[in-house]
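Some structures to go through are shown next.
In the two assemblies presented below, chain A is common to both, partnered first by chain B and then by chain C.
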Partner chain A sequence: MQKLGDFKLPQFFNYPPYFTLQPVRDTREKQVQLWKELILDYCRTQKIFVIGLEEEFPLFSNHLIESRSLSNEINLIHGAGSLSNEAREAFLSALVSEGRAEWLDRGHRKCLILWHRIQDWADILLHFVRDNGFEDSVMTVEEIRTGVESRGTVHTLTMKSKSAVVHLLPAVELHGIDRIILMRALKLLEHKGKLAIFKGTSADDEGVKFSV
Partner chain B sequence: MRRRPGIGGLQTAAAARDQYRLLGENVAKLRTDLMKEQLATFRSQLEEFARKHKVFSSVMNDIRKNPTFRTQFHEMCAKVGVDPLASNKGFWAELLGIGDFYYELGVQIVEICLATRPHNGGLINLQELCALLRQKRKSDREAVSEDDCLRAISKLKILGSGFEVISVGKRKLVRSVPTELNKDHNEILELAQAQGFVTVDELERRLSWTTGRATDALDTLLDEGLAMIDDGHRDGKRRYWFPCVSSISTSVVSDI
Partner chain C sequence: MSTATTSFFEPASVTSSGRPVLHQAEVECHLLSSVDLETEPTTTATTTINSLDFPALKSGLGILTTHRLLWLPSNATTDSSSPISIPLSSVTHIFSPKKSIKSMFHSPRIRFQVSVHSRSVVVTLVIRGKGDIDGFLTKFWDCWRGRAWEIGNDSGGGSSSGSVPASGSVSGGGLYSSDGSVRLVGVSGILRKEQEMWESTDKSLQEAFHDLNALMIMTAMRKAKEMVILAEKMRQKLLSGSSSQSSSGNDEEMGSKEEMQDWLLSVGIVSPVTKESAGAMYHQQLSRQLADFVRIPLEKAGGMINLIDIYCLFNRARGTELISPEDLLQACSLWEKFDVPVMLRKFDSGVKVIQNKSHSDEEVFARIKNLVSKPEALRSGITASDAAMTLGIAPAMAKEHLLTAESKGLLCRDISPDGFRFFINLFPEINSDDIHMMNSGGPYLVSSSMSCLWKPGEGSWDLFSLDKKLVAVSAQKSETSTQHYNRLLMQRIFSHFTRSAIKCQSNLDRPGFKVALRRDDHKVAAAAQRHDFEHTIKST
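Let's turn to the complex of A and B:
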């Protein structure tokens, strides 16, 4: 089975027509479904939050297929085993329509991937606050993303047990979270009266006062 | 003096004929009864023998474990005019458990066909089906032959679910959806076996078809979910792939 780093690629990834958007509705639906799952899975395990349509992205081309067809023909358009922009946009749009992604721009060139929905991220935040006794604390946004607290928890997690990896601790989930997603989750909680966001002198030191 | 034919003579003759017939019937009945009795004795003694000496437990073992033996067993049964799979209540089936073996295969074949249908549109190559079947039956991996698959599938027909084996070129495909494939479709599938795909060009060249005929047939196969297109080539030629002839995997099932 082909792998990307430690990520196991599904079988369909090696079948060339899955890289062309299919014209027949039923077939396309199955194709889109497989790609949606693959994109979410991959982003979740690799902690990828933003996909740029025009940028290199490991899932958007399969070098195995490329090299196979290169031996037959010398030239490629977008290339065999490489998704056309149309196909990329179709798969991501399907995620957007399910609330599992959001376009970051009008031109649909950058896409935010929500393997957890904003609501779920908010719940994870609440768990994180309760688990660590931050119910009335003040933290900066950067601290939540990269802070000592979360790193400390990563450490104990690996020490404790491997089975815990299945249900990651909130702090581990939050570690390295995309800033846009974090702010959206914080605003959702602010709206519910669970916390207050206050501005610092620069964008880097926005703070949060929890009142869970 | 010559006896003149009279009513009495005719009656005597008729009576004699009746007597002969009755006698004949009696003899025939005696003979059948005797034969029936002998057969019953033979059968009960055979069963007795089988139970006593556990002959069949080793045969049963061979039947479950050894595909070559299974094929030979079927050939033997065919020669003496017995279908061991006709019913699970039959003498052989009950004694050898051969029916159960094929029913089990049948169920697993249906499961595989359903699981792979989203990918292949309900048409799967027999080889791939067998490989998946072996994967599913990990405990006796080597023990299922294509012959076994075919027998199990032929039993599935009874269910009227549209299971059928079709021959395309040298290969056999198993169909689990009621798609009607015409001669053109078959020729396309046969051609596709070489590389897994065909192009309109290739159909025109190899089969001397017109462009219209080629695209018509390909469009139908696309609509049926049996084909997928691949436009990623510089030559601009659309490739039509057929998952049923070029298996991408033998592990589709384990994902499901």
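Let's turn to the complex of A and C:
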């Protein structure tokens, strides 16, 4: 089984046509679907929030196919087993149209991947607040992302029950969350009256007052 | 006398697309549409002929050739009349058109007298359609006077017909050379001249042998007989020699006269349809002639041929009377209106081909599928030229087939610096719910060797190499092992031995994957081992 780090790649990853945008509708639909799942799967396990189209992204090329190709020199520009920009944009756009991703710029060069939708992130946030008894507390945004509270909870819970870690532990999910996503989730909750965001002296210390 | 029409006029044969079958050296000169053929008995006839015995032949196609006047029904399927022909040799007189006030209101008529077996009738052509009647009449005179049929029957006497006044040849459009003989058209014309030349050489040689034969009888010597045989061989050599000469080739094995004849046919269309001869019906007639012509090249090309190839072949066959691409296209598009066995097909890419109506893509797809299922093709795909070689067709055509197969979901593509490659379409095989699983039992999984595709390098196996990798432990048992557990490989093995008992056992001592096949009597048993794999399948 081929792997990218600790990520298990599917078998079709070695199938060269997987890396060429298919022109036939039915085939393409299936291909796009497989790519969507793979991208979400990979980003979720690797905690990747933003994919830059022009940047190196491990999923978008397969060195096994590349090395099989005869003309390695040309591969440096655009090679076998490597997605073209057009294909990258097509697959990410498919995610965007499903609400599983968002373009961060007009030029479609950077894409925010939402393996949880904003609504789901908001729910996780609420779970996190309730689980830790922060119902009426005040926290900074940075604290939620990287703070001691979230990390600590992970640790204790991990020790307590191994199986609980496996699925959707709010604190684990929230740890290292992209700031843009977090702010969007917070704003959604603010809109629902679950919390209030107040500005600090700088952009980094925005505060959140929960009132769940 | 009820069969008077058929017995008086010779029936004419037509091709499947409705073109007249012409005799050797016969050339079409003029065509007229909507022509009635009326016959009236003459007083000079020795037998009284009832005009009712000649059913009126209404609104057909009149074709004048150097040898005959043909009348074809305009629509062969609905018209009960059958095509007839009147040899120009039986025409005894062509009447000059009457200039009267009455004729101004009538459809133009051409009257002539035909005499067959001492029976004589006056035939009237009533031209109801638009057409160059004067031109037709001039050609009619030319052809009648030209006596081309005599040239065909007696090659020696051909030039003697130069005594016939060649007054018509000036205005006749150059169908006759100055000596009155039929001008030969196209490459085939040149070749026929060549053929005539060596035929006459052949004839004189034959005569010489005849004398030798007489000598042989006289002397009754065996030696002489041997000489005849030798000379006969030489004559054959001469025949083959002259044929290879005209082909400007060096191939001495070019061979017999029959082959030469075949070859001539492939090179030349003896009577190409021209704008001059067919006039308004040019495209219609061209279309029919083309339908007849493509039959053989189409057969050779396997049922489908590029329009460009046909353009070249057709024009080569026509020799000097070239047609434009526009004409060809128009001729092809007219096929829809006729009952011909061929059709024009346009691929999505815009490439146009000619194919048999009976041609089916299924057969081609089956061959492509077979090609892409080979282990090497599974790993690295196929190119258009690979397919071209296998299918025995031009790469451009092969690519069209591949693209069609792709659009049908049979193939998919990979574009890389190595070029455009086609793979068997495995996307439908991949399980959508769990991307790490393949839908088992798919037609390709069983029929193709998937494992080599998914596991390049070390763990790469396919059905063909599977047998090689099995190491015979004993006469009854052989086994093999690999580092990685490969689910697809397991499927391969299971499907390979579906009809046998398969037994898979677990062995926790050793990691990796092990397959053992046991043969006892007619049963083959396979055992697969993996450190965390435990499974037993039994099938009958």
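Quick note on the criterion: the second predicted complex is superposed on the first by the 204 of 212 C-alpha atoms of A that agree within 3 Å, B and C clash if a C-alpha of one lies under 4 Å from a C-alpha of the other, contacts with A are read in each partner's own complex, and residues count from 1 in each chain.
Criterion: a residue touches a chain if its C-beta (ideal position, glycine included) is under 8 Å from a C-beta of that chain, and two chains touch if they have at least 3 such contacts.
What you see is a predicted model, and the numbers here were worked out from it, not measured in a lab.
Enquirer: Check chain A with both chain B and chain C modelled on it and let me know: fit or clash.
Expert: Here chain B and chain C cannot both sit on chain A without a clash.
Enquirer: Applying the touch criterion given at the start, work out whether A:His127 contacts chain B, chain C, both or neither, answering first, second, both or neither.
Expert: It touches nothing on chain B or chain C.
Enquirer: Under the stated touch criterion, which partner chain does A:Asp41 make contact with: chain B (first), chain C (second), both, or neither?
Expert: It touches chain C, and chain B stays clear.
Enquirer: Could you tell me if A:Pro17 is touching chain B, chain C, both of them or neither one (first, second, both, neither)?
Expert: Both partners, chain B and chain C.
Enquirer: A:Lys30 in the overlay: touching chain B, chain C, both, or neither? Say first, second, both or neither.
Expert: Once the two structures are laid over each other on A, A:Lys30 reaches both partners.
Enquirer: Examine A:Lys8 and indicate which partner it touches, taking first as chain B and second as chain C; both and neither are also allowed.
Expert: So A:Lys8 only meets chain C here.
Enquirer: After superposing the two complexes, find the one stretch in chain B that runs into chain C, choosing from 45-53, 153-161 or 189-197.
Expert: 189-197
Enquirer: If you lay the two complexes on top of each other, which residues of chain A touch chain B in one and chain C in the other?
Expert: Residues 1, 10-12, 14-17, 19-20, 22-24, 26-27, 30-31, 69, 75, 78-81, which sit in both footprints.
Enquirer: Please name which positions on chain B make contact with chain A in the complex.
Expert: Where chain B meets chain A, its residues are 118-119, 121, 197, 222-223, 225, 228-235, 239, 241, 243, 248-249, 251-252, 255.
Enquirer: In the complex, go through chain C and note every residue touching chain A.
Expert: Touch residues, chain C against chain A: 379-381, 406-407, 409, 412-418, 421, 423, 425-428, 430, 432, 435-436, 438, 453-457, 484, 488.
Enquirer: Please output the residues of chain A touching chain B within their complex, sorted ascending.
Expert: Going through chain A, the ones touching chain B are 1, 10-12, 14-20, 22-24, 26-27, 30-31, 69, 73, 75-82, 84.
Enquirer: Spell out the part of chain A that touches chain C in their complex, as residue ranges.
Expert: Residues 1, 8, 10-12, 14-17, 19-20, 22-24, 26-27, 30-31, 33-34, 37-38, 41, 64, 68-71, 74-75, 78-81.
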